[in-house]
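Right, one structure below, let's go through it.
Note that the chains take the letters A, B, C and D in the order they are written out, and that residue 1 is the start of every chain.
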Amino acid sequence: MKVSVIGTTGYGGGELIRILHNHPVFQIHSVHSSRDEAAITDEFPHLAGIFEHSLKKIDPGTIAEEADLVFLATPSRISGELAKAFAGKDIQVIDLSGDLRLSSPEEYEKWYKHKPVEKSIINQAVYGLSEWNSEKIRSAKIIANPGCYPTAALLGLGPVAEAGLIDPAAGIIIDAKSGVSGAGKTLSRVSAFAEMNDNFRIYKVNEHQHIPEIEQQLKQWDAKTSPITFSTHLLPLTRGIMATMYVQLKRELKTSELLDLYQETYSRHHFVRVRKEGDFPAIKEVSGSNFCDIGLHADPRTGRLTIVSVIDNLMKGAAGQAVQNANLMNGLDEKEGLGFIPIYP
Amino acid sequence: MKVSVIGTTGYGGGELIRILHNHPVFQIHSVHSSRDEAAITDEFPHLAGIFEHSLKKIDPGTIAEEADLVFLATPSRISGELAKAFAGKDIQVIDLSGDLRLSSPEEYEKWYKHKPVEKSIINQAVYGLSEWNSEKIRSAKIIANPGCYPTAALLGLGPVAEAGLIDPAAGIIIDAKSGVSGAGKTLSRVSAFAEMNDNFRIYKVNEHQHIPEIEQQLKQWDAKTSPITFSTHLLPLTRGIMATMYVQLKRELKTSELLDLYQETYSRHHFVRVRKEGDFPAIKEVSGSNFCDIGLHADPRTGRLTIVSVIDNLMKGAAGQAVQNANLMNGLDEKEGLGFIPIYP
Amino acid sequence: MKVSVIGTTGYGGGELIRILHNHPVFQIHSVHSSRDEAAITDEFPHLAGIFEHSLKKIDPGTIAEEADLVFLATPSRISGELAKAFAGKDIQVIDLSGDLRLSSPEEYEKWYKHKPVEKSIINQAVYGLSEWNSEKIRSAKIIANPGCYPTAALLGLGPVAEAGLIDPAAGIIIDAKSGVSGAGKTLSRVSAFAEMNDNFRIYKVNEHQHIPEIEQQLKQWDAKTSPITFSTHLLPLTRGIMATMYVQLKRELKTSELLDLYQETYSRHHFVRVRKEGDFPAIKEVSGSNFCDIGLHADPRTGRLTIVSVIDNLMKGAAGQAVQNANLMNGLDEKEGLGFIPIYP
Amino acid sequence: MKVSVIGTTGYGGGELIRILHNHPVFQIHSVHSSRDEAAITDEFPHLAGIFEHSLKKIDPGTIAEEADLVFLATPSRISGELAKAFAGKDIQVIDLSGDLRLSSPEEYEKWYKHKPVEKSIINQAVYGLSEWNSEKIRSAKIIANPGCYPTAALLGLGPVAEAGLIDPAAGIIIDAKSGVSGAGKTLSRVSAFAEMNDNFRIYKVNEHQHIPEIEQQLKQWDAKTSPITFSTHLLPLTRGIMATMYVQLKRELKTSELLDLYQETYSRHHFVRVRKEGDFPAIKEVSGSNFCDIGLHADPRTGRLTIVSVIDNLMKGAAGQAVQNANLMNGLDEKEGLGFIPIYP
């Protein structure tokens, strides 16, 4: 199967190449960037001798003719435009941006602060949270690949949310921390090394555009979900997200009972690993891989449940999940080409 | 005034030397360690040519005769023993450990998992949260210097807690993150460079011994405070703590009103800096100094207040606050010898 | 083909598992450690759900019967003992330690400061510098896998050394820098996070046991090689080595001529990538892969040649090269199972 | 004494404020930037509540009337222009850029690739290597403050160079490594966190503009000095420089003899600390302070001397040395206001 990648020079694009280049079924047919005709090794010297395609200009018509599937690793807004261009054509589309995730264009406009994609296009897009939406993904033509933070948060909350166990009165608090690659390749003072090294900062308090995305999915599990509190922080490391989440349960449950629920929910899902009681995942333990690791603790003193979920923001938080969805869409084992063992140490 | 330091070879002890060596009033009379007679530069080569006292053995009787004030930068349990030895003598004592902080010996035993100091000694100790307890500190002879996490958390919560604004039903959630120096000098796999670099981990969920300490002070402000949820994380950096805290208020208040309250509360307190609306502190902005920086945001969508508090765990979280208390105890300006400007970048 | 790994719980062992688990031909038959019967996920939680063999005790007799090839990822001294035990048996042996690398037992004793392996065993071992010794490696039964620093240094020096271009009068200076994983898993103050973060240190000046190994190979290329100057430094990062090397050439050559020589020498060697003029490799560009990248510059002002060589110390510097050699020994393409694309960013 | 700082918003400028704000004699009269009237806390939030001057526009006439001394922490070229403007006025000038360091305008033009300052101005500038040029500095009106790398290298080479011990035939090799703050505040891909974290790169091979500066001083010590080989690398840390240097001596000397020479040379110089035999300095041991630490080893095997010199690039490599020179120029103890103890850990 021939695949194309648009937006190849960003970190998500680079990660897609790392996965697709060795994928047994998908073959990279072409890579595209607004900076066409540049050698990809100008952007990514590490690909020398491995993958040396030159970047082509972005022409949806040609791409749709030549490839079977296109990954959009472009920024918000550009992705939306491209999705429109591809929507009517005979090609599968996986969009890594947020442009197709929200079913409500009003919500999109409110949080992303620009004009949304037409509802008719959005309606065609299936939300690509692989472990929870595989049925629809298998028959989808367009995938809205989830955001990095939402992936970590939703995989961590899913079992208790879907089981209707969360007390809406108390709300859900998500304290999220991400490595700097999540901020993308654009230069900024905040992400300059001398500013970020040995530093830790909070950067979006109650205003991150991932809030409506997380709430949308939570409401699908439990219509009574109340608005969430979501803080994002920048960690002085390159890859990785940890979401530490706090919920109140409707009734008291022991940690062991909850772990049983999680292990059952995820028993057939290779990429979600639930830890034993007393054990919590660290960011490094999934680095470079498509895994999401989860740990939790129910506190008898307060009745509150603390859930910890970690992913690699470029893998399960972006490119890894995108390929996982591409596998599902094409009748492959979801693990195909995703056998990466975490890099350790 | 002559001061002595016991437990000089730990990071807290080293930081005390950095402050006291240039203090205009306090003069380091002697430094002590269980590893007596070693040169301090074996432990701290950076002190060569600056401070080259040899370490002496720990003899409370002699120390009490020769010095006016002693800092205990020793681990829990050892500090307790030393506090007992010094309690009846004519010398001021500032204990950096947790051994004298909890008024209830039962609480101490439950959370620290070993035998507490006698109540008669504990009763003599004043909790050294400088900005909130300065009256008692000024006339104290023994100070229980607060823990690093509690300092960050309590300074951040104080104004709303004391004003009785926190809704006890919803509880208080503290998601705390610390640099690795907070774990002390003892070697462990978790704090080995190859394991901690580029990593982020949660390490104590609902079981940190700082929980009773934070609750004890919160209850002094507001007797109705419910049990807190407290998670601690290790950051891949050396110094610094950020506490991101989530509370529900009894009535709706705007961010600007709350900032007014905070700025008023801390207007005469040099070391606590309250940020403007929309601005949140980063860990680096207080590094190497005795400052605590606070930012906050009240979310109209959820009614929840997010408070962010940052300190340098070795300064305001330990040695800096200890010297600040020593200044207060001896009628000095609390800023004496603490004019460190944060190291930047 | 069945392979076994001894010394599985070290970083080299962990990296061997990462490679071998997905190798199309080699199948991990058993993993061994002195800590037998422990679950490997106690040591390596990142392997949960991927590789969950239990560690077996080290019994050379049984291993030699059951497996076709054994990797010794054990420390110096232990490796030597094991090599002896396996030497007479029907099993291929790849030793990642330094115990079999030096042809002179006296040199070994002088630099490693303990008793060497018998000459009869050493004589059977072939030095596993894949790109330069592939003939002998293909027919070898025992491989002395090169050290990390020597691999980077020798690949960088090989072309000019072999061509007899280095002026022995001026000597060779190797200024090497390594990430902390090269120091192994043993806890030490020097490699504690709080000591190593934001730090850079030199740790062996003119005394590293890799000196005789580098000189031994250099002399095979050019008998007139004079003693080298070799300094090793610890970088505040996890993986990677850069060797910056300084040699004087016998005659003046331009950078472009030398690059031609290097590109020619390495043209059929997939894993060594020679940079264009003016371009030098950075450590991250080979991270997680088996590549060695080389850049160089000949300075007309001084007549001196500066060569820069980078590898991932756990891959091309240890486990990656070990598997590359295992491929050669068994008639496979040397790239088999080593298609790792560098992790970027 | 009133001092002014121009170029306040760069890292050098920020460091000058950190030192001067608490200096017992120098008082910051005004701070200037091309971005005039901005609040300095916009650039440096860490200075809130400490130093809140607003930035003024750069008007040499006014500054010369109001202040006694001006620090130019401006980039190359701008500094040169300002030096000209101040040269005829009644004000001391300390320039932190390279514009006044080279006595030869042709050398400047060749290495800096732009038009040099007039010789008449350069002739007035005294090279501010405090420990070696204090006589001239004391009576100077204009100081060319040395570069960061040259400071580390020259302090490390001085004793053997001045004693005429270096064999010119073998040359001098300086392998230098610096933290990223040395690259300044300008955003660039190379110094973006996601690119520089966990990375190490070489960036100027035989072409750094510090080469003529180092050679100029070396020739003052020993006219026969041959051209040096100088490589610069970027370390994944914020502050610090280590220069590892390799020289051949004219005759064989033992490490202990050389250390005696170094200790004698620097015995009256507080800020240069010479290590004991077998001990080498690490970057962290001088961090945040004005110290330069030196270690060395003479190798009997090769006759080569390895010298290791570390400084904090913003302190002894820039602002610290600038204030040290300002002290000397004004008859103060050179240590005045520079009592910073290295930040540890």
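Note that in this section a residue touches a chain if its C-beta (ideal position, glycine included) is under 8 Å from a C-beta of that chain, and two chains touch if they have at least 3 such contacts.
Going by UniProt, the chains are A, B, C, D = N-acetyl-gamma-glutamyl-phosphate reductase.
On a predicted model such as this, the values are computed, not experimentally measured, just so you know.
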| item | value |
| --- | --- |
| Centroid comparison with subunit B (C-alpha atoms), farthest chain | C |
| Numbering shared by both copies at the subunit D-subunit C contact, with half separating same from different | same |
| Chain centre separation in whole Å, for subunit D relative to subunit A (CA means) | 46 |
| Separation of subunit C from subunit D, taking each centre as the mean of its C-alpha atoms, in whole Å | 38 |
| Between subunit A and subunit C, centroid-to-centroid distance (C-alpha), Å | 36 |
| Shared interface positions of subunit A, touching two or more other chains | 11, 181, 194-195, 197-198, 236-239, 282, 284, 287, 345 |
| Residues of subunit D defined as touching subunit B within the complex | 11, 14-15, 17-18, 21-22, 44-51, 181, 197-198, 238-239, 270, 273, 279, 281-282, 284-289, 291, 293, 339, 341-345 |
| Residue ranges of subunit C touching subunit B (in the complex, touch as defined) | 11, 179-181, 183, 185, 187-189, 191-198, 236-238 |
| Partner subunit C, residues of subunit D touching it in the complex | 170-171, 173, 175, 177, 194-195, 197-203, 205-206, 226-229, 231, 233, 235-240, 242, 244, 246, 280, 282-284, 287, 295, 297, 299, 301-302, 304, 306, 308, 345 |
